[in-house]
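Below you'll find a set of structures to go through.
Across the two complexes that follow, subunit A remains constant while its partner is subunit B and subsequently subunit C.
Moving on, here comes the complex of A and B:
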């Protein structure tokens, strides 16, 4: 027999209580992993940002447009390798008008050059370029609606009212899983030549710039903004990371709330384990008195109590991770199919698994502090007087 | 017959050295406090217990028997006076040193056996050996020997709930002697047993005293149990009445 044998036997002395506690820890770990995954994936927009990309938008708001002529003037800047532009189209699909997917009007020549992560088969790209009403559709979106090459798709405009019909010419996939695979891209010229108000004609929503040397990014951004400083439409140029962060931060309150809930889950878990260990220690006070009498020191009792707590949380944590992997990843497939614009992928990261495992052990230690301290302070004679 | 290397002849030799006290108490006082009120339990005990003795401590409830036993066993600290056991002054020892000393010197037998219910008889007997540096196989050998002495070698894999009260107490005695202590303290060891089982336990204690030379201090209410001891002492209101 060893101390390990003793603490394992102690952990399952009241099997029903231990099983309930382990299940509670497992469910708490599942909830924690799920929330952390939501927050991680939401923040993945930051990891998707390329170091060599800048985004230029109207200084006042992204909702305000910039003259397309800026595109030509910005291209003359040294250190710029390519520029693309896009407009937020904001249309809905009438057959599923409650679902959301991103749809943009993009320039034919360069938009895909500034996003090398977006991969379109060359023959499909050529077909798209040749068709003024052509559209490139993300793989996930196409799969969701069962669209095939050559299909006609009609979207209902909200910013640009009316029904807009497109020909599905190409599908894209991505080399970076954090990039949305459910967007709908079409020719900017198709929008510009379409039935839109004159004040929206020859306007772009934002421009994306690739710089030759990422270390010169802020200098290029400064040069671009100063170029339009005295224009009516002043610009704000920032790194793609900062641009993405401005979107992410709009929902900061929600994700802060999720972080708070994660901490609350850990606290609840600590209390569940702490209660189980405390009950066990209270019930075994007499036995601890016997152990102390035969020569066990307070340190020995603490080792047994901390060990028992760690053992229970380790099993509960392992169980939680074991059930979290199939459940969260399975649910992730549903989210990727239906909320791909917000969550291009939804899977547990190894970092989250490691964090959950470490926190489970920290909870195990924290839960045992008070019971172990109580047991260590027991007077032997008082403990022996307690009923066994 | 040997118990962890102590032969019967060695035990006899130990008994021959009985003139030398193994326990020496001088001016021993113990009081408990309820708020500011002092409740004296032991009131100036002077006592010498020779090595290899089998002494019974009797007295009415509340007379201080268990308190005296706890003090001699190093489980409690006196309010005043000195306790010297086996040449060691317990008053000057730290908690850790006292625990270590108890593990080496004292074997405990309790009224209600106090076995750990989730451990087998062998597991319970092995507990004190976890505090030593003995290898697993050495521990196993010692456990077997201790259980053989109490006649329960065949029951080593049984849990306490699978044993009778008498058998449980024999396992507790095996646990008390497995680390070869100098003194065995027994607090009402037959209090929860029927006459037959009580006699078996007392036979065992006598055997430990006579064959293995263990000094045994036993608290009891039972005159029949006290009769098995070589010396009977009476406590009343915290004072020793006679020897």
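Moving on, here comes the complex of A and C:
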């Protein structure tokens, strides 16, 4: 009999207990993969950033507006290929007041040029440009509310008070899955000509710049900021990546907490596996005495015990990953449809799978430390004296 | 009935497996209780901010003060409301302006966060008696000085007493004091003189909100009716506690939902741990169980006894988990509140309900984990067991 067959036989001596343990490991790995995926996808906002894009906002806060004249002045910068601008509208949909989707006003011509990842069919784009009250809607959002081309949609303003009615003219999809497909875009001019306070007229929320040469990005950013250094409203221009990171960092504490919690599930898993292995070792004390008496060294016993623990965790871990893929990704579909503004896509990454596999094995080793140590220290005579 | 002492001794006799199973449950209860304490922390912080006698007036449709705007000429009328408690020649009332600034977060690399800057009147301090200067001094009315809440002071980089904030070119704002406010959300704000703040942020001619101290709480309905009956004003009034409850909803519901889903996931693992332990107990004690049955204890008594033992085991774990979670109540947590888009500093806040709920949750895990082992125990045949 080889080591391998012996430890496999040991692992299934108490078949019912082993099955329970494997189920426990499976559930723990499932929970771990789910948590890691949430954290992963949240941070994926960074992968939505393009290298050749910069964002200019008010230096004091993103909630403050910049004069639209900045747009013309920035256009003179060398190395800039196009500039778009946008205003956060922040309206709610009265038919579904409590759910959130991003809605903002954008300039007619350039905003979509700056984001080549956003794809609108040409005929729909032309229809949008021709309709002052037109809106472009992300396909996930349109599917959620069943909006069709030509539908009228009324939103209730929060920052800009009143009811605002739009015509759905176009749908967009994206070529980068990390970009939100649940946004609602409409003409900046429609907002500016609307019933808004004078303080907010001819103002833009932020500008997005596409540079010709990404390596010149920080030089362009510096040139823009120094251009407005002595103006009333100073600017802060940063790479799109840094801009996205600033939003991600605002919620960092929540996601750090989820990281901590994903470690807790590994500890729970260690308790379950450790308990099972320790029980097996205790029940087999007599047998280990016999093995020692016929010439097995303490080291042999340790190999047997570590092997058994690794074997059980490997099966449990594999099972967990196997069920995690359909469950988490299936749940992900639900998240994409309903929370698409926060999680544009939701799928397990290969990194998460690898991490879960490695950590399962680490748990397998950690769980066996105490039982193996106990077994290795056994006095042969004491062990033989014990029965059952 | 079989005495509980029997169960206590049985658990103590197989110490290591009892500890492993109890620790598994403890970790789940820890997550469960900590998450509820966190959500409770958000709610309590907001609740402490509102006073039941205060009514806050905002522009209709705005979800937070930051979005609201009230024209200067309406402010005088509102502050002279007959429902407001008199003070000197006027009333106990105040008009405030709220803006959001983006600042570097302390202890992070490139991380930023949003902070509320509130422009206040001397009367604001009468309405918010919980404010206390704990370092430095209060700002001088009419000056460009500000005081910062102790929560935000620890959260943002470079906001200590004596520092300056660059909110406008050539007009530095000096931090002269730090205040506490009874753990309310005011501690996450920066306060300065109303007119200075309005001048710095170009908000002359309007405020964000008007707050009144009512003569008595029952006058709120009169005020509400009066304000609703004048559609030209376009305003709405809320009791302060209602308003601040709304501000906490998004974040606390998010934390609660996420946390409970995680805890339920995790509890499956802990239940399996308890099940393994209890099955082992039953298997090892079949002779004892046979003896109990032979002594005349009925099947139902044996079942009950093992169920109680499982619950006892889980309560030990539950108590450990609660102790751990209570240890978290010294930890501050800080994230951007969804509703107000600004940093909120709060603590893990326990409540009797959470403690009882956690023990109940632990008992349910014990009950479900112990059910099948207890059924098996009750089926042990006295004759067969004693022959072994």
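One rule holds in what follows: the second predicted complex is superposed on the first by the 386 of 388 C-alpha atoms of A that agree within 3 Å, B and C clash if a C-alpha of one lies under 4 Å from a C-alpha of the other, contacts with A are read in each partner's own complex, and residues count from 1 in each chain.
One rule holds for everything that comes next: a residue touches a chain if its C-beta (ideal position, glycine included) is under 8 Å from a C-beta of that chain, and two chains touch if they have at least 3 such contacts.
The structure displayed is predicted, hence computed values, not measured ones.
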After aligning the two structures on subunit A, examine subunit B and subunit C and state clash or fit.
fit
State whether subunit B or subunit C is in contact with more residues of subunit A in the superposed arrangement.
C
After superposition on the shared chain, which partner residues are touched by A:31: those of subunit B (first), subunit C (second), both, or neither?
second
Please indicate which partner A:373 is in contact with in the superposed arrangement: first for subunit B, second for subunit C, both, or neither.
neither
Figure out whether A:64 sits in contact with subunit B (first) or subunit C (second), or with both, or with neither.
second
For A:381 in the superposed arrangement: first (subunit B), second (subunit C), both or neither?
first
Which holds for A:267: it touches subunit B only (first), subunit C only (second), both, or neither?
second
With both complexes overlaid on chain A, does A:331 touch subunit B (first), subunit C (second), both or neither?
neither
Treating the CA centre of subunit A as the corner point, state the angle out to subunit B and subunit C, nearest 10°.
90
So in the superposed three-chain picture, is A:297 touching just subunit B, just subunit C, both, or none of them (first/second/both/neither)?
first
Enter the shortest inter-chain Cα distance between subunit B and subunit C once the structures share a common frame, rounded to whole Å.
13
Residue ranges of subunit A touching subunit B (in the complex, touch as defined)
1-3, 5-6, 9-10, 13, 286-287, 290-298, 300, 379-381, 384, 388
Per the contact definition, I'd like the list of subunit C residues that touch subunit A in the complex.
16-17, 20-21, 23-24, 27-28, 30-31, 38, 59-63, 66-67, 69, 99-102, 105, 108, 110-114, 167-169, 201-203, 206, 234, 255, 258, 262, 265-266, 268-270, 272-273, 275-277, 279-280, 333-336, 341, 343
Subunit C touches which residues of subunit A in the complex?
16-17, 20-21, 23-24, 27-28, 30-31, 34-35, 60-64, 90, 92, 156-159, 161-162, 197, 199, 230-232, 234, 242, 245-246, 249-254, 257-258, 261, 264-265, 267-269, 271-272, 274-276, 278-279
Would you pull the subunit B residues touching subunit A in the complex into a rising list?
70, 73, 75-76, 95-96, 99-100, 102-104, 108, 110, 112, 114, 116-119, 122-123, 126-128, 130-131, 175
